[in-house]
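Below: a set of structures, written as structure tokens.
First subunit A sits with subunit B, and in the next complex the same chain sits with subunit C.
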Partner chain A sequence: MDVATFLVQCLNALQYGLLLFLVASGLTLIFGVMGVINLAHGSFYMVGAYMAYALAPAFAQVPGIGFVAMLAAGVGLALMLGWALEWAFVSFLYDRDHLQQVLMTYGLILVFEELRSLVAGNDVHGVAIPGWLAGSVRLGSLMDYPVYRLFISGVCVLVALGLYAVIARTRLGMMVRAGAANREMVTALGIDVKRLFRAMFAAGVALAVLAGMLAAPVSSVYPGMGNQVLIICFVVVVIGGIGSIRGAFAAALLVGAVDTFGKVFFPQAAGVLVYVLMALVLLWRPEGLFRAA
Partner chain B sequence: MRAPGARAIVLAAAVVALALVPFAGGKFAVDFVTKMMVSSIFALSLELLVGQVGLACFGQAAFFGVGAYACVLLTPKDAAASVWWLGPASVGAAALYAAVMGSLSIRTRGVYFIMVTLAFSQVAYYVAHDTPMAGGSDGIYLGFVPSAAIAGLALVDLSKARPYYYVVLAALVLAFGFLAVLLRSRFGRALAGIRANEQRMRAAGFSTYPYKLAAFVISGALAGLAGFLFAVKDGVVNPELMGWHVSGTVLMMIILGGIGSLHGAVVGAFAFSLLEELFKSEALFGGFATHWHLGVGLAIILCVALLPRGLTGGWTREGKSLGSADERR
Partner chain C sequence: MNRQSTIAVLAAAALLLSMPAPAQAPKLKVGFMLPYSGTYAALGEAIEKGFRLYLAEQGGRVGGREVEFVKVDDESDPAKATDNVNKLVKRDNVDVIVGTVHSGVAMAMAKVAKDTGTLLIIPNAGAGAATGAMCAENIFRSSFSNWQPGYAMGEVAAQRGARKVVTITWKYAAGDESVGGFKEAFEKGGGQVVKELSLPFPNVEFQPLLTEIASLKPDAVYTFFAGGGAVKFVKDYAAAGLKDKIPLYGAGFLTDGTLEAQGADAQGLLTTLHYGDGLDVPKDKAFRAAYAKAYGAQPDVYAVQGYDAAQMLAIGLNAAKGDVSRKAEIARAIVAAKIDSPRGAFSVSASHNPVQDMYLRQVVGKDNKVIAVASHALADPGRGCRM
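For the complex of A and B:
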């Protein structure tokens, strides 16, 4: 493996890891703050990808800024969707056993997957990369790297920075951190937990939908794509330590690297490596790399 | 089911009703109820861990799959194996995998435990999926149905649907009885103590680790038995048997039935399979039957909203948690 190939693989690992972070950050927030195990999180990623498939042709009419406008529109829709879903299906589950939440969100997976089948069918679809992102850049003397993948990484980094700013600097972020550390105490301090939870859930859905929209042109859009991402994201959340955004970030990059380089060096064992990594991390640190913030 | 006598009568009636199915129903009914009884054994194995010890295992499919794969891989290429050693060998293989997986995963707790057990089952999945030994993603066929003979005399023909139905029914009754006795023993009381308050059990002088590990191995062996029975019936195994969907489905079965009781696991397994079959029925839903997942999903959501304790837990609006407060974080 020469330097250029290695560099390309590094960029791939980074892009995959950042995308995982986008999905996993919502999952870890919902779990850490609200205490809800949300199995349907992968479905929101899928919803995002299909949203991109549905919206892309319309927004492609707008030259230049169309794709970014589509992302913004998708995030807006996702916030509303998350707000409504929390109200309808999750809001009465907080006092119940974890397994009840698991059952409820499992039911939601089945519903989302079938609605997808009813609305969009079972075929694999592609989403076109917008013109201004379609090219590739030169790396070294021989290798090209697609601009769109760099764009994904860039958007993910921006979102990560934004999340950091909100969580570390704002009053809302303070409530989130407090909620992850001690939920009962936050309730006792007179903070409107209902609204905080609803906002958290909506934000989590929006992050997953954004990740799905970003990934759609690269991974294409296909049935069952959400479930695949869900399991990997749970691995990320657990390695990072539940409720920790920092942990999710580090773990997502780690998983991205292990998965990408595993496929290059050990194609036979590529599927197992991520799980072996998780088992090793948990045997070393039973509560993940970073405890909740 | 309040009085112990009433419970015994209901259970006996259920067994009699199951024993009568082959007389009343046709080939489809026999096949379908066989499948549900195999699922029931599988669900019972998980109920031991989740309901009785409080260990939410999300990798139960691995044991099921190891049992099924062992049955197929250990059968010789050219002749039928005797069920008297093939059965115990398959169950033993699953128990062995459970011993390895349990000894490591029991060190973690809560959600971390859920994830480590998932990781171990995914490892089994990928080994079956990516190695030539186990036939890859297509799976492998069982060449010969095992023979059940004593001293050269054929006892039952396991390849025939009706005799096999009774073999599975016997296995289900034995598994249920075994667990019922086990839970009433000193060992079972210790498990209940661990579920309620592990710290206090430790303080009382119990080393809880061996108890949890033993429960894990027994659970793995039972799931392996279910896998073995499945492989003999279906005659083919593939990696999907060990996928996380299977672990999820069996967990759904026991939650649906009501966690905390053995009969809840059986009721859940039957109810879940019946729900699936109901929504798959073309007679009722016509062309919409291909979207049966939608019906099952909505039914599950309704169950959670209206029956927080599962089907056997009664109709209550107040969802009281079964676990102790500290389990819920």
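For the complex of A and C:
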């Protein structure tokens, strides 16, 4: 492998890792703060992708700003969806054990899949990339790199920085960190945990939906797309340390790199490499790379 | 005799009298085991519609028997396949099983059919073994083997002057068999497969492998993907700027049912399959008109395969006078027949797979236009089949 190819592969790894982070961050947020195993996270990713498919034609009328407005509208809808789901279902799960959480959120997967089938059918759909992002940039003499992929990476970096700022620098972030460390104590201190949890769940859903909307133009929109994402997300969350945003970021980049170079150098083992990575990390640090704090 | 029992006797007598004269033969029970949910739900529906269309044209009868249907959703889940097929065979006592789309599920069905002797017609799944190592007197296929489109494309690629080719597919049976067929024909034609790229099913992060293709600079790329993966691969291939530099050849599923989603990125792509748009076959025109009239939609290759599954069943049972236990006669009749399919007439090989023309198709707008016959009357070698 020459240097140019290697550099492009590094870019591939980085770009894939950043997208993984965007999806996994919502999962680790919900898991870490609320202690809820949310199997339906992949479904929210799928909802986002179908949302992009449904909303794109309407927002395409507005050139330029239209796509960003669509993302904003989608995130708004997702916050409402998350708020409602927490109120209707998830809020009953906090005091129950993990098995019941798994059952409930698994049920949600089935409901969302069936709804998707009823509303949007079972066909594969494409979502157009907005005009101003549709081009490619030339990477040396080797190949073109789609501008849209770079755009996704840019958004992921912005979200990562935003999450870091909120969690490390704001009062809300303080409550989140405190909630992850010791929920009972936070309640005892008089913080309205109910509202905090509802907001966190909504934020987690919004992150997954945003990831789905961003990914839709490159991954296309198809049945069962959420389940594929879910498993790799859990790998990222577990490697990173449950509940740690910082850990999820590091783990996502690590998984992106292992997956990318694994496919190139060890194609026969590419399917298991990320799981081997997970096992090794857990042997070395049973709590994951960064313990939630 | 008291009043109540008098009434009961009268009622029973009335019931007996009101019953129609018994039919000459009991109904033929056909069990559909198809995906009615999940990724392949649309395919399952098309197969059933095609099957029912042919039956309706025959007045709802085959081999002199009326037909009734039992349906099981196989969910394209190999883990549930054996249970599902046993439901049809043991609980519902079906005479014939029609299914399915997913190769893994179809193999489980073939296993049960081989053991119990129930007649099985596979209307899609291309797993080579179903008409290879697992072949049996009572197992038939109305579609294709994975090897066939691959082999046909291997011939085309060699004729078009490609010398060094890279293949890329998912690492699973269908992908391996398709690439195997391609490689066999392509290397026979003097070409060389310089690298076989693969990724785990159903992973769709193609970027590292596209970079690999760009650095290898082959004359052409052969690929087997289907469904959502096919859409994403075609789009990523174009976005990486490879489409105009390195021709992309595919098994037909790359561009079947996916063109709306692939849009401009699929235009001009070449694929091979046993069906396509713009076929100059009178039967196809009649079939398309009848299908559109019955269902208000255009048929696809899956509807054709369902239609032909019904044709094969009818040919077999007509020869056996509607008696499903006369398996040797059924098999003899089907193998001897020329089946008048919308894809063009085909025959059935000794291992019970269609011997058929493979078309070379080019994407034009929303159509897979047939531009040539890539391989005439191509027969799967049926390796490992002993009957």
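Heads up, the rule we're going with is that the second predicted complex is superposed on the first by the 291 of 293 C-alpha atoms of A that agree within 3 Å, B and C clash if a C-alpha of one lies under 4 Å from a C-alpha of the other, contacts with A are read in each partner's own complex, and residues count from 1 in each chain.
In the analysis below, a contact is a pair of C-beta atoms (placed from the backbone, for glycine too) under 8 Å apart; a residue touches a chain by one contact, two chains touch by 3 or more.
Predicted model, so just to flag it, every value in this text is computed and none were measured.
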item	value
Partner chain in contact with A:271 - subunit B first, subunit C second, else both or neither	both
Subunit B versus subunit C as contact partner of A:244, first or second or both or neither	neither
Touched partner set for A:231, first subunit B, second subunit C, both or neither	first
Touching partner for A:38 - first (subunit B), second (subunit C), both, neither	neither
First, second, both or neither for A:117, with subunit B first and subunit C second	both
Partner chain(s) touched by A:96 [first = subunit B, second = subunit C, both, neither]	first
Contacts of A:144 with subunit B and subunit C, given as first, second, both or neither	second
Residues on subunit A lying within both footprints (that of subunit B and that of subunit C)	117, 268, 271
Subunit A partner contacts - residues on subunit B that touch it in the complex	50, 56, 104, 107-109, 111-112, 115-116, 118-120, 122-123, 125-127, 129-131, 244-245, 248, 251-252, 255-256, 259, 291, 293-294, 296-301, 303-305, 308, 319, 321-323, 328-329
Interface residues, subunit A side, partner subunit C - complex	1-2, 4-5, 8-9, 12-13, 15-16, 117, 121-126, 128, 136, 138, 142-146, 148-149, 218-225, 228, 259-261, 263-264, 267-268, 270-271
Subunit A residues within the subunit B interface of the complex	31, 35, 37, 39, 89, 92-93, 95-100, 102-104, 106-111, 113-115, 117-118, 227, 231, 234-235, 238, 242, 268-269, 271-272, 275-276, 278-279, 282-283, 286-288
Touching residues (chain side subunit C, partner subunit A) in the complex	37-42, 171, 197-200, 202-205, 207-212, 214-215, 227-228, 230-232, 235-236, 239-242, 257-258, 260-263
